[in-house]
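Below: a set of structures, written as structure tokens.
Presented sequentially are two complexes of subunit A, the first with subunit B as partner and the second with subunit C.
On to the complex of A and B.
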């Protein structure tokens, strides 16, 4: 467990159907990670397709037992996460440092 | 096909012309050969007659002189005198006929005829034809006889040469006939070959025609398949379109309904947004609104499935959380696109809105004397996980209250949903103040006055009648409600039995 490292996945801008393949290729987990930090601090919008990709990612990470935290910077995106019912699916933070601390703790549990 | 027919006619005409030309040329050639053969035969006969005539002249000369010698009567000289001038021209004709009849072998004998005759006339006839016969008359007669014998020998030789030539001519005719046979054979062969070639080309043409026919049949079949596919596609599209047409809203003395659906564009007509409102037994109405991820036929199909599943499942048990769980599990199992929805029922007996939300924007409640507010929401979209958990929210409300359900297009026009919600709340406040007959359309039009519609927008409102008299009417309608409930209970029993059976 200790040899594993934390992966950081960063996306920014508006996540919409036109970027679906980019999002799908970016949101990848293979089980070798101690944890994944999704840095969405610069994401302002996500459509339902992108939220579906986020759900898929959450599902895969859960199956591989990889903890995931998410950093959300905009209240608009936070609201969309709430709509999607994901506010309980991820541990959500508004800055990266707190998220990393939390994730490190989770990874060493 | 038309050009092929023309080509066939041209081929047949050319074929006929070749055959006729062949027959004409062959006929003329045969005719020439036969005419030539007859001509040679005739001229050979003439030559033989000339030779025999020459012998006749010679014999007549000799016979006449011998008669005169025996009787010394001048009358006996007549054959001699008659024959003597005819001999020369007759011999000249015979000599002239020799080269053209290829009778040069007979030339020495013919020349000898002239020599013998001249000798006879000079040495025998001249002395014997005088008035006073010479003393050696008998010797001269013997000499004349020898000349005639020699003459006969020459004529026989000429006859043999003519015989040989006739045999050769007959052989020529036979070979000509053989050649004609060959020619006819060749002509027949040629005709047969042409026929064969023509037949082959006809067969090739027939094969091509058959191939064309098969290809046409194949193309027809493909067209039929495409047509069938098109009709099937059209039927599906029509069915979807029909399915998409929102059910008419129920009319109920206790409830007030309004709804609107505006697609983003013509292409998005078969979209994934929908709403439903359905009367339930016991003075309740089922409501649902939802949005399938994506657009197109798959979204429309999923939308229709979810609608049907929600309604049929709600008839078994309208409690929203288990209702959404059942539908979510079904969608997850079938790997359908994700669906966000709010579903529940309004109870006019208690003025409650009872609902559950699946990844959908929050319901909005308008109550008399209060500013509009967003209600609780949350939980994952339908089909996101096998074991999605949903929560049943109960909102105690009042007569005149109105629940506003909408799809994300109503608040995501500027991509800022926080601002979108504020605009929606403002529009709802306007609706509460204005009390329009069609609040859904009013809210939609208020939001999108001067704004572009970026996505499908569906809005459904469910309100309780504000008139307190309604409560009295509810009591008066109790018997009917109980009756309806009874039917529903029986229906519910039957459906539960069916569900057990299917399970």
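On to the complex of A and C.
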């Protein structure tokens, strides 16, 4: 039986270029996680520098076979992903319960 | 009576400059009362991308210089936003997971033009959904 657990990473406020270093330092995965839930439910704004960090994180997690789900509360953030053509690049949910259910399933696959 | 109003801001193009400049545009749009919430978010997203582009690329390898934003509400329910820098425009080959900024701007703005003579000038024209 795996002793790994699901990690939750939370960021809030405005995810923009002025916070890029902070965002990069927060979005870290090391393979000890059964899955990662990125909780952005309190993010009010995001820009494409944040998308670049998200894609980098997604790719690093994939290399370690760690599933990732994202909770997004802001319509602006959701549309940013759509405009960037990345709607299918992430597993996105609008509430934490659904995201955790999905992640639990993925972590046991 | 003037049929439009204007906003002009200058800052040094550092990463911390983009947020207050975008907030100033948000206040400008809110004061106009002519943009609904959804369109407001989209316009601020595009403006944020144009500003981030300057901050990230315009002055690479050189001393940071100015970024200038000029926004003007037109009579015909459009918003023109110009973003200027005095840096050197560099045509880049595509990099993985990067280069979404202008794609996002073009998805949102009604019209986008880029002039790279003597710095870079990005002009974005937005249609407004009137709140009134």
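Convention: the second predicted complex is superposed on the first by the 108 of 109 C-alpha atoms of A that agree within 3 Å, B and C clash if a C-alpha of one lies under 4 Å from a C-alpha of the other, contacts with A are read in each partner's own complex, and residues count from 1 in each chain.
Basically, contacts are C-beta pairs under 8 Å (C-beta built on N, C-alpha and C of every residue); 3 or more make two chains touch, one makes a residue touch a chain.
Source: prediction; values computed, not measured.
Asks: Could you look at A:48 and tell me whether it touches subunit B, subunit C, both or neither (first, second, both, neither)?
Replies: both
Asks: So, A:75: does it touch subunit B (first), subunit C (second), both, or neither?
Replies: The answer is both, since A:75 touches subunit B and subunit C.
Asks: A:24 contacts which: subunit B (first), subunit C (second), both, neither?
Replies: In the superposition, A:24 contacts neither subunit B nor subunit C.
Asks: For A:87, using the defined touch cut-off, is the partner it touches subunit B, subunit C, both, or neither? Pick first, second, both or neither.
Replies: first
Asks: After lining up the shared chain so the two structures overlap, which partner does A:8 touch, if you call subunit B first and subunit C second: first, second, both or neither?
Replies: It touches nothing on subunit B or subunit C.
Asks: Between subunit B and subunit C, which residues of subunit A are contacted by each of them?
Replies: 14, 17, 45, 47-49, 51-52, 55, 59, 75-76, 79-80, 83-86
Asks: Provide the residue numbers of subunit A that touch subunit B in the complex, in ascending order.
Replies: 14, 17, 44-45, 47-49, 51-52, 55, 59, 75-76, 79-80, 82-89
Asks: Within their complex, state which residues of subunit C touch subunit A.
Replies: The contact residues of subunit C facing subunit A are 15-19, 22, 38, 41-42, 44-45, 48-49, 51-52, 55-56, 97-98, 100-101, 103-104, 107-108.
Asks: Mind listing the subunit A positions that touch subunit C in their complex?
Replies: Counting only subunit A, the residues touching subunit C are 14, 16-18, 20, 45, 47-49, 51-52, 55-56, 59, 75-76, 79-80, 83-86.
Asks: Which bits of subunit B are touching subunit A when the two form their complex?
Replies: 291, 293-294, 337-338, 340, 357-362, 377-381, 384-385, 408, 412, 415-419, 421
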